[in-house]
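Everything on this sheet refers to the single structure shown next.
In this document, chain identifiers A, B, C, D and E correspond to the written order of the chains, with residue numbering beginning at 1 in each.
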Amino acid sequence: MAVIDTMPAVARRAGTGAMTDRVREILSCYESDSPGTKTNLARLLTHGYLAGTGKLVILPVDQGFEHGPARSFAVNPPGYDPNYHFEMAIQAGCNAYAAPLGFLEAAAARHAGEVPLILKLNNHDLLYDEKDPISAVTGSVRDALRLGCVAIGFTIYPGSAGARTMYEQLRALAEEAKGHGLAVVVWSYPRGSQLSKEGETAIDVVAYAAHIAAQLGAHVIKVKLPTAHIEQAEAQKAYTKAAVSINTLAERVRHVVQSTFNGRRIVIFSGGALKADDEAVLAGSARSSAATRSSGPESTPSPS
Amino acid sequence: MAVIDTMPAVARRAGTGAMTDRVREILSCYESDSPGTKTNLARLLTHGYLAGTGKLVILPVDQGFEHGPARSFAVNPPGYDPNYHFEMAIQAGCNAYAAPLGFLEAAAARHAGEVPLILKLNNHDLLYDEKDPISAVTGSVRDALRLGCVAIGFTIYPGSAGARTMYEQLRALAEEAKGHGLAVVVWSYPRGSQLSKEGETAIDVVAYAAHIAAQLGAHVIKVKLPTAHIEQAEAQKAYTKAAVSINTLAERVRHVVQSTFNGRRIVIFSGGALKADDEAVLAGSARSSAATRSSGPESTPSPS
Amino acid sequence: MAVIDTMPAVARRAGTGAMTDRVREILSCYESDSPGTKTNLARLLTHGYLAGTGKLVILPVDQGFEHGPARSFAVNPPGYDPNYHFEMAIQAGCNAYAAPLGFLEAAAARHAGEVPLILKLNNHDLLYDEKDPISAVTGSVRDALRLGCVAIGFTIYPGSAGARTMYEQLRALAEEAKGHGLAVVVWSYPRGSQLSKEGETAIDVVAYAAHIAAQLGAHVIKVKLPTAHIEQAEAQKAYTKAAVSINTLAERVRHVVQSTFNGRRIVIFSGGALKADDEAVLAGSARSSAATRSSGPESTPSPS
Amino acid sequence: MAVIDTMPAVARRAGTGAMTDRVREILSCYESDSPGTKTNLARLLTHGYLAGTGKLVILPVDQGFEHGPARSFAVNPPGYDPNYHFEMAIQAGCNAYAAPLGFLEAAAARHAGEVPLILKLNNHDLLYDEKDPISAVTGSVRDALRLGCVAIGFTIYPGSAGARTMYEQLRALAEEAKGHGLAVVVWSYPRGSQLSKEGETAIDVVAYAAHIAAQLGAHVIKVKLPTAHIEQAEAQKAYTKAAVSINTLAERVRHVVQSTFNGRRIVIFSGGALKADDEAVLAGSARSSAATRSSGPESTPSPS
Amino acid sequence: MAVIDTMPAVARRAGTGAMTDRVREILSCYESDSPGTKTNLARLLTHGYLAGTGKLVILPVDQGFEHGPARSFAVNPPGYDPNYHFEMAIQAGCNAYAAPLGFLEAAAARHAGEVPLILKLNNHDLLYDEKDPISAVTGSVRDALRLGCVAIGFTIYPGSAGARTMYEQLRALAEEAKGHGLAVVVWSYPRGSQLSKEGETAIDVVAYAAHIAAQLGAHVIKVKLPTAHIEQAEAQKAYTKAAVSINTLAERVRHVVQSTFNGRRIVIFSGGALKADDEAVLAGSARSSAATRSSGPESTPSPS
């Protein structure tokens, strides 16, 4: 978590609560949303080390469910304790902490009011794995409200034969969440029997997946850093015809941001092992005037 | 968009709001509908350049979801911005603008009251493609109401093994929409494992698909321009026996209009690259006394 | 209806459908509302002779219920027919027509799409009159939707011992209406055992009644033209202390507009028999930057 | 029941089922209603001796509840048996039979399909009498459906301090009934502490009561034959000013018909002991072009 | 607002977002509440100038509704504008801003995320005043959620013949609020026909009213500063018998705090014109180990 680690610990919470022109500009992109949803987006954007900058780092910890506890926590046994992740999110000055029902129920009361929470409403495990996965719905909007969350989180797998089911679950949950003043965060991770392994992070596929999440009504969209691979022949033709440059990571980030309503939706990029990746993300998103985005730190566990 | 392009821009909104005998005649075809649904059909028919003529041009922009953002917008980057399409629909004097949830949420507040809106309630993407496709339900009737729409839009794929699912989803949504005074627009596009590629636009298949949409309770039906190909042997026999002439596009258009309750439902034809196509559509529909119909402009993006 | 009568009939609907900067400015005052509610407010403001000006004339016809058919229509027998009032509202270029359930049901299908409609959801009759009146709820939000209305209408009698009941009915109906994208129009007419007859139109009472309607969430508020009478001793003290000038009608209109969130809500004044009254209303509201308002025409029947 | 008694029994059901231009004309007045409600109105209008004429005789038998069984049936003991009234309605060729829940439950199965039924959804008894009466709701729309009724029936007492309660009950029941394709029949009988005894049948009061029922959404309205008495001073002024003639019964009937949307709603007159009354009713309603109405026979038991 | 006025403006928001041991101590008093409700209490306690101190200043602005706009805003005309109060609450560093529906709807979107909000769910006006008042319910829990509030607010009048109605309304709303993770703030102001004017602020009555609010499940209770008057003879006996000292304001404050579960509920005192009052409140509450409390500033408008 390079960027954050270079900051003195004492300064980390300095910005919390600060409304800024940048945040107001971002909120103005959500013009059809209720004041409640805007308020919860503002809570996300005005908390932690990056408060008010228009950038976001969300700490998601669902890998115990997604990959099993041993793979997730054995090398760092304190991670078995739900409080550990709350405290990491708080101390690191993350904008929010996202987890499945159990982890939040176990520690949300103790840490009430200390960090914005996102309840991940679906999860998938590896004891039954499939080429065309569907996550199980594991929480509700009412759960999110009773746990004090600012948003619901939901993962979709565009490319899966089960994508339709997940889109429809998301649709219903998002409508209910918005009706109760919550925000909607979507992890859009392409997977499925018609995609190659490289295709899952191909620039055309990542941009498409981000666009689908935006069309489904997500306020915040998280995708993986896209590679220069192009999966679909028709996309290749379109890039060539329009002379879209996707050679550098910054260009690719810019293309993904453009694909989410020309930067009118918040996009977060996960993955990226190098400091150079962060710089690329920042460079790629610099041209976008209306959306906020940030590289997720390289070491952040990412959902599924 | 040949017809419209020949009109001076200044005249484009001239007709907005004008109730005419032709519109009243069309509304009289919907005699079982509530005044609310009739009102919303009237709003469609009295807006824009074609206001009051009984002809309709709807601008649907869901190709970002259906085909991916690169293929849809790379050649015309302003199209990544949801406001662009609203403004195009308004400036071109279209009768209505149709889009998925995300695109409408992103720009409906800013453009409130400027153009009738149709919320497309289902969508399909190409990251998982199948021979027998089913679109995912991606919006609700309540969404349509809170966004100020005059109608819901829904795509069915007659011919797909999944058609039954889509018919049943449409049934439930249409019932709810009508109960709230909204109109129902159905895109009926034959696809599926038992249809040949040419069969998707075969005259017998297009007429059959249009009829199914009408039987499912659609107020407005959009189909593709039919070719002279005949897909089903039994249809061929019937055409021969009854000496139905389908040689010209005008004749085929007339046959489709006839197949939607003898012209008592609005039919819109998409596709058609030539000005001659428009003329054929107009000619083909001229004999119908009670329905309105119009060629969709050649350059209008069509759903799926 | 002096203002309108001076206009040539041919010009009356000229402005219909025209979105203007003035209308956008007014819509911006309703920043917490859904695009659906904004759309219906826009429909009100862009219809009829005053389309786009930010001024409103609503034709309400509920006096048959409120005062009896003989008193209402005997001098003008065509008024017994529900179609008559629709046609008057359409031909006079009113922004909207408001009536109880029966009148709208009887003629809304025939006139679908010709004039924005407001369903009056409560009514009171004189066969049982009381010092502290409560109107009966006579329609529903679902009725408003199936009849194609842009808004619900509701009358409150601040000052009545039954005011609490009416406020609570309005609260529930307004919440449901907003949830379905409708606008809320409130007639706020002070009446009750603690008010003198002159007090019903006293400047302090009218301003108070308008403020209550705004606090209850009304988008559009209709009150009677206030007189210079001051009913409440405490209000007299406040006016004196703050040197509030209420001598002229224009000053009083300005004070009422100020009392509805400093002009951030639409106020319509009914009554006023003289052309000078209209001018006073226009003058009094001219300083307000954000609200629209208009004199109701002298001859328009006003509810209760 | 003079008119009917003079007809040979064999001819009585001759017209049943006959759709006529007159019935179609009447149905056209209910333009906002669903085909289901229109169908049930058609069943009323095409059954019995008066089938197709546009005239109606409904046999209501709720006097056992309203006045007690002894007063109602002791002089004619077969009247204690629910089947008796069904059979009377059938044999007399009435358009419909109306009764409370118990009477219909007791005999509806045996006579299924033999006569249109109306379930009276509220009733009042004399064991507790009051100056400002409110009837109790004694049945539901679901009851009406399971008993095979064409309509619900409901009594309101305009003038009662409890009128508001009854209007609101009717509103809810009528909405539900219409939503299920039923028709709504309202008995509108002025009563209450502010009305004199003569006022209950005063021409101004009866016309007002009929108008209120129409505004509340009734399809069929039953009132008592009005006298020349005028109850309200303001009505007297209006009649004088407009030179409304109410000297003859025919003129008064005409005025009541006019007051129910200029004849666009069915009005039935109860009471009237003389054959001359029938003629007056027929004469008074002859000028109305669009509504149907008929004298109720003199001996028909009338509700409350 | 003495305490706050002595602080340099630049420092006012310094503490926002700071979780402290004192806040955690207070939250521990609400051990049966959900993490959501605790989170919203924490938001109240960690916002503004007093963030983290365990003290609270809430700015309530409902006096336009409660006393009329002239009495409330004429001396300070900017107060007519809903934005003014939001901005005052933000700039003064208040912990929260409380207002009726209309005021929040008018400005909540613009100020989303800038100050914790409390939607006042009932209000009373003076156009009809009564000895035993009942406020009208003017908002809902769903309204509070869609407007982004941390709590609902509700006024009860212990001592009123209508108290039971208000207790029962509060019960239902509080249950719903807690089920959605909101906090509950209760204004408990004794009024009614059995209380003398002095009795409304008598120490025994204020303590009793505070206790009732706590028993009804309030998380935060606002009362008026109590006088040394004792209203109820039985209370006098108990104080004498137990030698309870209530001579000084500090003692009386201590007694009220004790009466709300021995300081386990937050109590806020309104009124108090002198700096000495503030000191008394602080002194009186110093011995309480588990609750937070603060004087409301002298010049803050108090509800009803």
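As a working rule, contacts are C-beta pairs under 8 Å (C-beta built on N, C-alpha and C of every residue); 3 or more make two chains touch, one makes a residue touch a chain.
In this text the structure is predicted, and so the values were computed from the model without any measurement.
Student: Among A-C, B-C or C-D, which chain pair copies the contacts of C-E, with over half of them the same by residue number?
Tutor: It is C-D that reproduces the contact pattern of C-E.
Student: Measuring from the mean C-alpha position of chain D to the mean C-alpha position of chain E, what distance in angstrom results?
Tutor: For chain D versus chain E, the centre distance works out to 57 Å.
Student: Where the centres are mean C-alpha positions, what is the separation of chain A from chain B, in Å?
Tutor: Comparing mean C-alpha positions, chain B is 35 Å from chain A.
Student: Would you mind listing the residues of chain E that make contact with two or more other chains?
Tutor: Each of 104, 108-109, 142, 147 in chain E touches at least two other chains.
Student: Which category does the touching pattern between chains fall into here: line, ring, star, complete, or other?
Tutor: other
Student: Write out the stretch or stretches of chain A touching chain B in their complex.
Tutor: Of all residues in chain A, those touching chain B are 29, 31-33, 132, 158-161, 163-164, 167-168, 171-172, 175, 190, 192-195, 204-205, 207-209, 211-212, 214-218, 232, 234-235, 237-239, 241-242, 244, 255, 258-259, 261-262, 264-265.
Student: So in the complex, the part of chain C that touches chain D is made up of which residues?
Tutor: 62, 64-65, 67-71, 74-75, 77-78, 80-82, 100-110, 123, 125-130, 134-140, 142-143, 147
Student: Quick check: in the complex, which residue numbers of chain D touch chain B?
Tutor: Answer in residue numbers: 32, 34-35.
Student: Please output the residues of chain B touching chain C within their complex, sorted ascending.
Tutor: Residues 13, 16-19, 23, 27, 34-43, 45-47, 104, 108-109, 112-114, 117, 142, 145-149, 179-181 of chain B touch chain C in their complex.
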